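One chain, chain A, appears in both complexes that follow, with chain B as partner in the first and chain C in the second.
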Partner chain A sequence: MNLSLKRITSTWIITILLLFFTAIILGITMRFNQGKVISIDDGRFYGIMTTHGLTMVAIWAVAGMVGVHYLLNRYLKIGAGLSVFAFVMTVIGVVMFYISTFLGNFHAGWTFLYPLPFLNSFAWASWATPLFFWSLAVLGVGWLVWSVGLLVAIFKEYSLSETFAWQHLSKKEPKVQTPPLVLISAISLVGVVLCLLTAVVILILSFAELYSDGKFVNDPLLMKNLIYFFGHTIANESLYLGLAIVYELLPEISGRPKYKTTWYVSLGWNFTLLFVLTAYFHHLYMDFVQPLGLQMFGQFASYFASIPSAVVTIISIIVLLYGHRIKWSITNLLFFIGITGWIIGGIGALIDSTISNNIFLHNTLWVPAHFHTYNALGNVLLILGFFTWAANEFSGSNTDPMRKLKLALIIIGGFGFVLMFYCGGAESIPRRYSVYPAEFTRGAMFAAAAAWFAIAYLLGMLLIFVDIFKKCTKVFSSSH
Partner chain B sequence: MFAQTQEYSLAEEDKLFTKVENVQILTTTGDNIKLSALYEREPVILALIFTRCTGVCSPLIRNLQDNLARLRPKEQFKILVVSFDSADKPTDMENYQKMLNVYADNKWIFGVTENILDLTGSVGFYPQWDSVSRQFEHDALLVGINGNGYIVKKLLGIRNDNSLNGLIKAISNEFVISYPLPRKNALFTCFTYDPITGERKLSLGLLILLIPAVGTIILLFLISRRKKGNTAL
Partner chain C sequence: MKGQELVLALFLVCAVAISLISYMIYRSTKHAAEEGEGIKNPLQKRFYFLLLWGGVLIILMSVTIPKSPYFMYKDSNPEKVVKVEAMQYAFIMSDETDNASIEVPAGKMVEFRVTSMDVTHGFAIYNPKHELVTQTQAMPGYVNRLRWVFDEPGKYDILCTEFCGIGHATQTGSMRGEFIVK
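So, the complex of A and B:
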């Protein structure tokens, strides 16, 4: 692997983890405020919520891209240039975004649901809304160029049907084998490109309203469809990028033969691409103007999107690990716990996407419960597995100090943290309240407990970071 | 002009979800009561008029009467008609009430208040005195106040029974669905809705939803047709 790719990958890893810690601290601040341990101004709370949400979504989407970019070089040639370009754009975009929230006090949430960003006459600085949208534009351009570049590199090596492993559907031993990493990366990247093109449409419509002086306004239903298509899909594609990494690395570091693409892996992931794009309708159940057919389609698409990828992945992992002597390291343990978190969070999501349940769970703490489970205990751990593996690769060292302590802190802290959300959701405590009304008697208690659990999770992450940081920085003094 | 319009105005959102000023009301029946004593018993529709009014005041109240007769709402509420003219006395309001023929109906309460500016300010109602016509320039306004004293709905202008029904449901804490009607400056809507016929048609906005998908398919098609090779990017 070329040195410049190792260096930019190391830079990404360190930057992503530093931003991750910043976002965790913001999250803990919010939960302590809800728990009445500290008290912050409402506007500031929502500014923190906006920063926390967008930072988390952004860094774990690009973390997956970093991982597949590095690993795809095993099968095809992709230089470091795209990654460097995306990194520069990301740094510029993040700085602009932080100025809009921390200095401009923009606080419409990371989903920036229309028309909230435009109702800013009293809540935040007038320049904060345009700056927020421009920051998204910078981030979007960087990532769009990157993801299209990765797809171009894949298509240089594999045809369209080979990329999506269609030859595996009909033939037992096809001439060209599509590695699972290529298949799942390509499927995820197509989804990412689609999301980013949607973001372009959202930004064009938003800028049109912003700069038309009232001559053009948007339709709330259209904007909500576009925003949730973008938001829901990008969160899911980030997860799939993490799974692509697991398919590539888990057998290797567990001392087992590499995964091969089979007909059911091909079928499952192709179905996932199809259905994940339509599952977002479940975010619009409360929008009575949305046609009923789309609402029902959203429920079934949610089932069909998750079942193929989850079932295929679970079967593949059981076949790989069950009954074999496995070389356990922090990397494959993180992968294993990450898959568990993804499945648990996914079940929580399916429960919520069922219309008869959503009537009770919509916009309660059940929502952050399930997405924190499949992110903080799912995707984050899958990517962290890659980070620990890459750090070992870059440094040539396999040391793994305090492994049990790190994992114990992450498991106890992480699951304790999300459990408080689930308990809150089960009690119908609403999400996105800076302070809970007195009627929600246990809301503050759950929030304060969650914050303490999150501190344990953060400590575990910091211990892992120290090791990764030491190993990754070696690549800057290395000549190979 | 504005009093005659059927269109939705952003002014209807002014002071929405804020608390109405809890002023003392002197009624035509001689009671001197706090506004809170009224809304805590039953939600209130507040109408602001003045008895010398030669403009929209009487049409506003007549229209309210007609709409109520058509709707026959099952919800319990009071209609409080307050004069915003400090020259009006309870006796003037009593005569006005008799003229409107609602004197015997205990759903209606007519009165005056010494703190009229506090009340009008709290509901976002700003009449202007015109010394030439010796009349107030003002909106036709109904204010829906719920059982906690919050303004939950305002109706500006002479409105139909559908609008009034929405206000009654809002003050009774019933769920009211709402969606902005298509406006001339909203070019891309998902549906075109005709409020008169209730008909809904697919609209141009739905095509916008398809742009990213079509764009991605075209992009995939274009880059997958490139020749194979191992050129580093």
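So, the complex of A and C:
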């Protein structure tokens, strides 16, 4: 692997983790405020909420891209240039975004649901809304160029049908074998490109309204569909990029034979693309003016999205590991725990995506409960597995200090943290409240306990970071 | 058992079961021989697992879809209609009477016609025990019709369940919406 790719990958890893810790501290601040341990004003609270949400979504989406970019070089050639360009755009975009929230006090939430960003000018600086949208534009351009560049590099090496492993559907041993990493990365990247193109449409419509002096007004239902297609898809594709990395690295570091693409793996992941692009309708269940067919399809797609990606992956991992002697390290343990967390979060999501449940769970604490489960205890751990593997690769060192302590802090802290959300959801407590109304007597207690659990999770992450940082920085003084 | 308690119990049972299965898999890798046999007939087991999970999903779909709000009380006429206009940060509710408070009949179907005068809000109805019973979204330019039958008499509160700005949580304060079921 060339040195410049190692260096930009190391830079990404350190930057992502530093932003991750910043976002966790913002999250802990929110839970302490809801727990009445500290007191911050509402405008500041929602600014923190907006920053926390968008930072988390952004860093874990790019983290998956960083991982597949590096690993795809095993099968095809992709230089470091694309990654460097995306990094520069991400830094510029994040700085602009932080100025809009921390200095401009923009606080419309990371989903910036239309028309809130346009109708709250008294609550934040008038320049903050356009700056927020321009920061999204910078981030979007950087990531769109990057994801299209990765797809183009794949298509240079593999034909369209080989990329999506269609030859595996008809032949048991086709002449060209598509590695699972290539298949799953390509499927995920197509989703990423489609949701980023949707973001471009959202931005064009938003700028049109912003700069037309009220002559152009958007349709709230259309904007909501576009925003949730973008938000839902990018969050899910981030997970699938993490899974692509697991398929590539888990067998290798566990001393087991590499995964091969088979007809059911090919079929499963091709269907995943269809389901992930249509499951977002479940975000609009409570908008009864949405066409009925889309609501029905939302539940169908949400349910059956679990078959191709989750069920195929679960069985593949059980077959790989069960009953075989495995040499465990922090890397494959993070993968393994991450898969478990992802499945548990998936059950929470499945419950919420059932329309008859959604009517009493929608926008309660059940929602952050399940997405924090499959992010903080799923995707984050999958990507962190890649980070620990890459750090070892870059430094040539396999040291693994305090492994049990690190994992215990992450597991106890992580599951304790999300359990407080689930309990809050079961008590009908609404999400995104700076403070809870008096009738939710246990809301503050759940929030304060969650903050302490999150501190334990953060400590575990910091211990892992120390080791990763030491190893990754070696690549800057290395000549190979 | 109310719906919220049921889903929490279901979730916790599934979470514990998945964690135990994961632990069993982990343990199996500790005690396996150097050349462990692993799972026999994995293809067959994969097929049965897919069949089982697919069956569970189809059953769940067919049981839950008819209970979705779009079909409930679809063919009956509402006993009472309440118009709701949401705004930052209040719910303005009106009916055909001049009464100061909104009253709806217990055990009869009520229709709420919900819209917004500014941004998108959530219109969530909480029963006297502070449990969320039903909800819809209040979206500018659209009217969502929420139909429900309230069996339990008492004071019901309206809270906002869509982030609508700095006063989102205070939409539940002095300006909160409420109605009485008699």
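Note that the second predicted complex is superposed on the first by the 480 of 480 C-alpha atoms of A that agree within 3 Å, B and C clash if a C-alpha of one lies under 4 Å from a C-alpha of the other, contacts with A are read in each partner's own complex, and residues count from 1 in each chain.
Here, a contact is a pair of C-beta atoms (placed from the backbone, for glycine too) under 8 Å apart; a residue touches a chain by one contact, two chains touch by 3 or more.
If you're wondering where the values come from, they're calculated on a predicted model, not measured in any experiment.
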Chain B and chain C placed together on chain A: clash or fit? clash
* To do: Go through the superposed model and pick first if A:V190 touches only chain B, second if only chain C, both, or neither.
  => first
Review point. In the superposed arrangement, does A:T340 touch chain B (first), chain C (second), both or neither?
Key: second
Scan A:F300 for contacts with chain B and chain C and give back first, second, both or neither.
second
Exercise. Which holds for A:D219: it touches chain B only (first), chain C only (second), both, or neither?
Worked result: both
Exercise for review: Identify the partner contact of A:S159: answer first if only chain B is touched, second if only chain C is, both if each is, neither if none is.
Suggested key: first
Worksheet item: Between chain B (first) and chain C (second), which does A:S170 come into contact with in this model arrangement: first, second, both, or neither?
Response: neither
- May I ask you to decide whether A:V289 touches chain B, chain C, both, or neither, giving the answer as first, second, both or neither? both
For this session: Please work out whether A:L116 is in contact with chain B alone, chain C alone, both, or neither, and reply first, second, both or neither.
Result: second
Mind working out whether A:S477 is in touch with chain B, chain C, both or neither, as first, second, both or neither? neither
Max touched-residue count on chain A (chain B vs chain C) belongs to chain C
Where chain B and chain C land on the same part of chain A: residues 219-221, 288-289
In the complex, chain A touches chain C at residues 42-43, 46, 107-109, 113-116, 119-120, 123, 219-221, 224, 264, 285-289, 292, 295-296, 299-300, 303-304, 306-307, 311, 314-315, 318-319, 321-326, 328, 336-337, 339-340, 343-344, 347-348, 351, 354-357, 359-364, 366, 422-423, 425-428, 430-437, 439-440
Interface with chain B, chain A side, in the complex: residues 76-79, 81-82, 148-149, 151-153, 155-157, 159-160, 163, 190, 193-195, 197-198, 200-201, 205, 214-222, 225-226, 229, 277, 288-289
The residues of chain B that touch chain A in their complex are 177, 179-180, 182-183, 185-191, 205, 208-209, 211-213, 215-216, 219-220, 223-224, 226-233
Per the touch rule above, chain C residues touching chain A in the complex are 3-5, 7-8, 10-12, 14-15, 18-19, 22, 25-26, 28-29, 32-39, 42, 45-46, 49-50, 53-54, 57, 60-61, 64-65, 67-70, 88, 118-120, 122, 124, 126, 130-137, 139-146, 157, 159-170, 172-173
